[in-house]
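Quick notes on the structure that follows.
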Amino acid sequence: MAQAELKERFEGALGGLAEAVEAEGSLVRVRVALPNLRAALLALKTSPDTACDFPANLTAFDTGQEMTLLYRLASIPNRWQALVSCPLDREDPKAPSVADLWPGFNWFEREVYDMFGVAFEGHPDLRRILLPDDWEGFPFRKDYVSKPSGSPLKGPQPTDLGEQA
Amino acid sequence: MNPVRSLLGGLWKIFGGMGLTLRNFFRRKATIRYPYERRPVSPRYRGMFYLKWNEEKQRLNCVGCTLCAQACPTNVISMNKVGKGTTAGVDEFTMDLGRCMFCNLCVEACPFDAIYMGDQYEFAVTHKEGSVLRIADLAQGGPENYRRNLETLRRLQEEAEKSKAAGDKPTERRAAEEGA
Amino acid sequence: MNGDLRDLHQEILDLGTQGMVMNMGPQHPSTHGVLRLILTLDGEEVMACEPVIGYLHRGLEKMAERRPYRHFLPFTDRLDYVCSLANNLACAQAIERLAGIEVPDRAQWIRVALMELNRIASHLLFLGTFGTDLGATTMLLYAFREREEALALLEAITGARLTYNWIRVGGLPDDMPENWDKGVLAFCDLLESRVGEYDRLLTDNPIFRRRTEGVGVIPAEDAIAYGLTGPTLRASGVEYDVRRWAPYEKYAEIDFDVVVLRDGDTFARYLARRLELEQSVRILRQVFDRMPEGPIASKVGKVLKAPPGIAFSQVESPRGELSFTMVSDGSPNPQRVHIRAPSFANLTVLADLVVGNKVADVVAILGSIDIVLGEVDR
Amino acid sequence: MIEQALANPWIRQLANAALLLAVINLGVLVLIYMERKVAGFIQSRLGPVHVGPRGWLQSVADALKLILKEDIIPAPADRFLFVLAPFFVFVPVLAVFLVLPFNAGWVAHDFSLAALYVIAAGTVAIMGIVMAGWGTNNKYSLLGGLRSAAQLVSYEIPVVLAILAVVFYAQSMSLVDIAEAQRGFGWFIFHPPLLVAAFVYMIGQLAETNRTPFDLPEAESELVSGFHTEYSGIRFAMFFLAEFANTFFAAALAVVLFFGGWDGLPGLTGALWLVAKSYVLVFVLMWIRWTLPRVRVDQLLGFAWKVLVPIGLIVVLWAAASVVYAGGAKP
């Protein structure tokens, strides 16, 4: 399918919900503002033009200035996928949960909460998933200061392990 | 389906499986009786490290360039460089195998053919300190070659000192002293 | 999926009836590592299940942020340690896409061979452990007998038996050893002669069939909504194989069938993996027919830097779609690496799937999802 | 002197019991070695090879190890039940051996209701298993104990029916009489109704001795070790001993009931024939164990009630009919 046509389909399905739509091969990069996030994802899932009903991935990244959510949705029969990015308010990261649309995103949202502290509103069970329940801070935020806990075992200890770069 | 037939069919399938296990009962066994028999390892096997000994030059190939240490993702390698230029070598080379992933990156990084991974794979130790290997453990051919390497390096250095004294280049001498 | 049953059990629990809470794991023979399932039981029947993960969390993604791109590759071995080459490949591919590095043809073909050989090793492990989960201990030994041969071949080319780390950014560190292709083809013949034994011992066994057929059924639409991938998804009738869907390396040029089954039950998930063995053999045979001569790695600068951007790779690991998402800010270290582990996504379905089944079925269903905790916890 | 002492029935019975205990324990050691070798050979392994030539001292080493190990009683366990349970499992197994005839006249105690006694005494072991499951205060054990109770109660019935068919043919409940009735290769297995009965009996005994495909009480992939999860040392050894002794008894009883007891070719003592035939049957049990997967608990009970019990009933009717109308048995 031609990229221009793919782009058109996505723009048509999203209406005015997206800030930017770019097609690149079979991948469509979509940027959405936070207020429209849930509506845009729902449109991508339900619109017959896009039919992106497969929850492929959800993650986030923090640059130090900006925190962004990254959703990847695929349409299996049509062989295209959408990479939806959505900038968050870094001071008070919040996003609407889509765990009810895709149960598969339930754990992914918990993971993003665990690592970045993004509060997914409407998530049925937002708890830490990988880290211990009493962990302090959200390690993947760039302002997180990791404290080397040191090994209780005796032996040579690399206190600066991982700080080489 | 007819219950009697399904029961008999099931029994027949079970007998098929039992025939298979009976055949394996008499087949040659796959066991290798490990401490007595060993499966040969491949020539590329990534086992215990060694520093290559150069019989001709009577020294270890390592010149202490730290490329392997830089290539190491987990900071396993540390070394002490002596000498400079053609006389460069190492008098200490430490590997903390407690952190080593045996990923082969140091071997690939080495431009001097100095560090290799051998076919030795039994290196369990009873103390954590035992997993830290010094140059005497790592030198190919054992501690003997480590001593000979030191002698060669000292000799090379003395020769360099002499030639330097003859040519008298103060900057180089300072560097050599620092290196020592 | 078990919706009515779940509601029923919830009603029972709401009445104030106490189920027996049983901790399955983190130390338990069949949780495949350190998974913990908090089961609420009514006799033998599961009323509720809550998986607890994270016991093996090592912060690999965080480690990646602190290291140059290439230094992260050996760490990826520790994700899905049953198929570490797929992790290597997914990581290298993400970096290649991020930095725009091309891979020579020969390296791509060898990568395909490595993938399939490792897939066979992984599926054989699955067949064995799944048999053990259901009490057929002998299957484990038979599968391992053949897996040993696959591992020997992998050792011959990579020098390691578990954590291979044999895929580099831009290619491979070394070419195939001499006669390796012959060894692989001989192994293909051996495996083909042995899969019939697995069928006789397990696939055709009526007890095995009754333990697995109709147990833990995932309908296709649920499988999609839960984001399942790999054989777990394909057993539910959805044709989604990254090798075909978004071909990488040389998979576009290879002729193979994507194994799709309709039932979506535990047996279908078992059978999908069992049938994929034969497809992998088919792919391996083609690889060596078409292996071109040429370099095995392209030149990559000593300090690898990528232009700012986001790139992700998609690899069909034996467990499903493995995807590394990398965000670069132009520095030598990645700014963020996220690993979409197929086991993690596949495990989300477990809690809802086991409700209403017996304790023994929990083991069967969990086994059929084929998780590796190293990958779930990362 | 010894003869005098043995004239006293109490002392004689005690001596018999001691002899049996020794024979059983030795036999179990052999069985454990055999199990491990058979498992190994079937699984393309060698099995034990280190202790003694070809590893045949391995089970002795294991027994010593278990005896020397610390006997751990978990803190929350019900001490009384926990400590008592292994005896409740072990003693009935010993008790049933009392009526097993090894040869003509080689029986510790023969009486006319031996077949009934075997069934009754064997069932007591369930008590021990349930005690272990409950007393350990461990949820895996509890589930294992419950499964075990359900399983043993269900499979007792087809076994009883199969034995009943044999009793029709032999017209006696004494095991000695049953074996005598098969003298000169008139083995009951050659009678069609009893062939089916033998099948039912073997499947039932497979379940009663907790061996795969019916090893649900200790299903290691689900319940870790079932009712003996928390047992260690000598107490674990007793469970183990009981299990293997039970297996051997199941096979020996099958030989007495269906395979002519000590009947065999002349030249060897009858007892040797009996033991040899028993070992062949034990091998078959092991062979089945290492081939088949485990059934699920509802399937297990369903199989007992929906398949084995009906077949057992048919067999009983069939056997009765052939005894009455065709004179299929000795008068």
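As written, the chain order gives the labels A, B, C and D, with residue 1 at the start of each chain.
The rule is simple: a residue touches a chain if its C-beta (ideal position, glycine included) is under 8 Å from a C-beta of that chain, and two chains touch if they have at least 3 such contacts.
Everything numeric in this text was worked out from a predicted model, so none of it was measured.
Peer 1: Could you tell me which pair, C-D or B-D, is linked by more C-beta pairs in contact?
Peer 2: Most contacts of the two pairs: C-D.
Peer 1: Relative to the centroid of every protein C-alpha atom displayed, which chain's own C-alpha centroid is closest?
Peer 2: Central chain is C.
Peer 1: When the centre of a chain is set as the mean of its C-alpha atoms, what distance in Å lies between subunit A and subunit B?
Peer 2: 42
Peer 1: Rounded to the nearest whole Å, what is the centre-to-centre distance of subunit A and subunit D, using the mean of the C-alpha atoms as each centre?
Peer 2: Using C-alpha averages as centres, the distance is 61 Å.
Peer 1: For subunit B versus subunit D, what separation do you get between their C-alpha means, in angstrom?
Peer 2: About 56 Å separates the centre of subunit B from that of subunit D.
Peer 1: List the centre-to-centre spacing of subunit C and subunit D in whole Å, with centres computed as mean CA coordinates.
Peer 2: Computed from C-alpha means, the inter-chain centre distance equals 44 Å.
Peer 1: Touching at least two other chains at once: which residues of subunit B meet that condition?
Peer 2: Within subunit B, residues 14, 17, 20-21, 24, 30 contact more than one other chain.
Peer 1: For subunit C, give me the residues that contact two or more of the other chains.
Peer 2: 67, 138, 141-142, 145, 201, 205, 207
Peer 1: Show the residues in subunit A shared as contacts by 2 or more other chains, in ascending order.
Peer 2: As it turns out, subunit A has residues touching two or more other chains at 164.
Peer 1: Under the touch definition given earlier, write down the residues of subunit B that touch subunit D in their complex.
Peer 2: 7, 14, 17-18, 20-22, 24-27, 29-31, 33
Peer 1: Show me the residue ranges of subunit C that touch subunit B in the complex, using the header's touch definition.
Peer 2: Going through subunit C, the ones touching subunit B are 67, 70-75, 77, 138, 141-142, 145, 148, 152, 155-160, 163, 165, 173-174, 177, 197, 200-201, 204-207.
Peer 1: Show which residues of subunit A lie in contact with subunit C when the two form their complex.
Peer 2: Residue list for subunit A touching subunit C: 26, 53-57, 59, 61-63, 70, 72, 76, 79, 83, 85, 102-108, 111, 115, 128-132, 139-140, 146, 162-165.
Peer 1: Residues of subunit B touching subunit C in their complex?
Peer 2: Residues 9-10, 13-14, 16-17, 19-21, 24, 30, 39, 41-46, 71, 73, 101-105, 108, 117 of subunit B touch subunit C in their complex.
Peer 1: Subunit A touches which residues of subunit C in the complex?
Peer 2: Interface residues on the subunit C side: 53-54, 57, 59, 61-63, 65-68, 224-228, 238-240, 245-246, 310, 312, 321, 323, 325, 327, 329, 332-333, 335-336, 338, 340, 344-345, 347-349, 352, 377-378.
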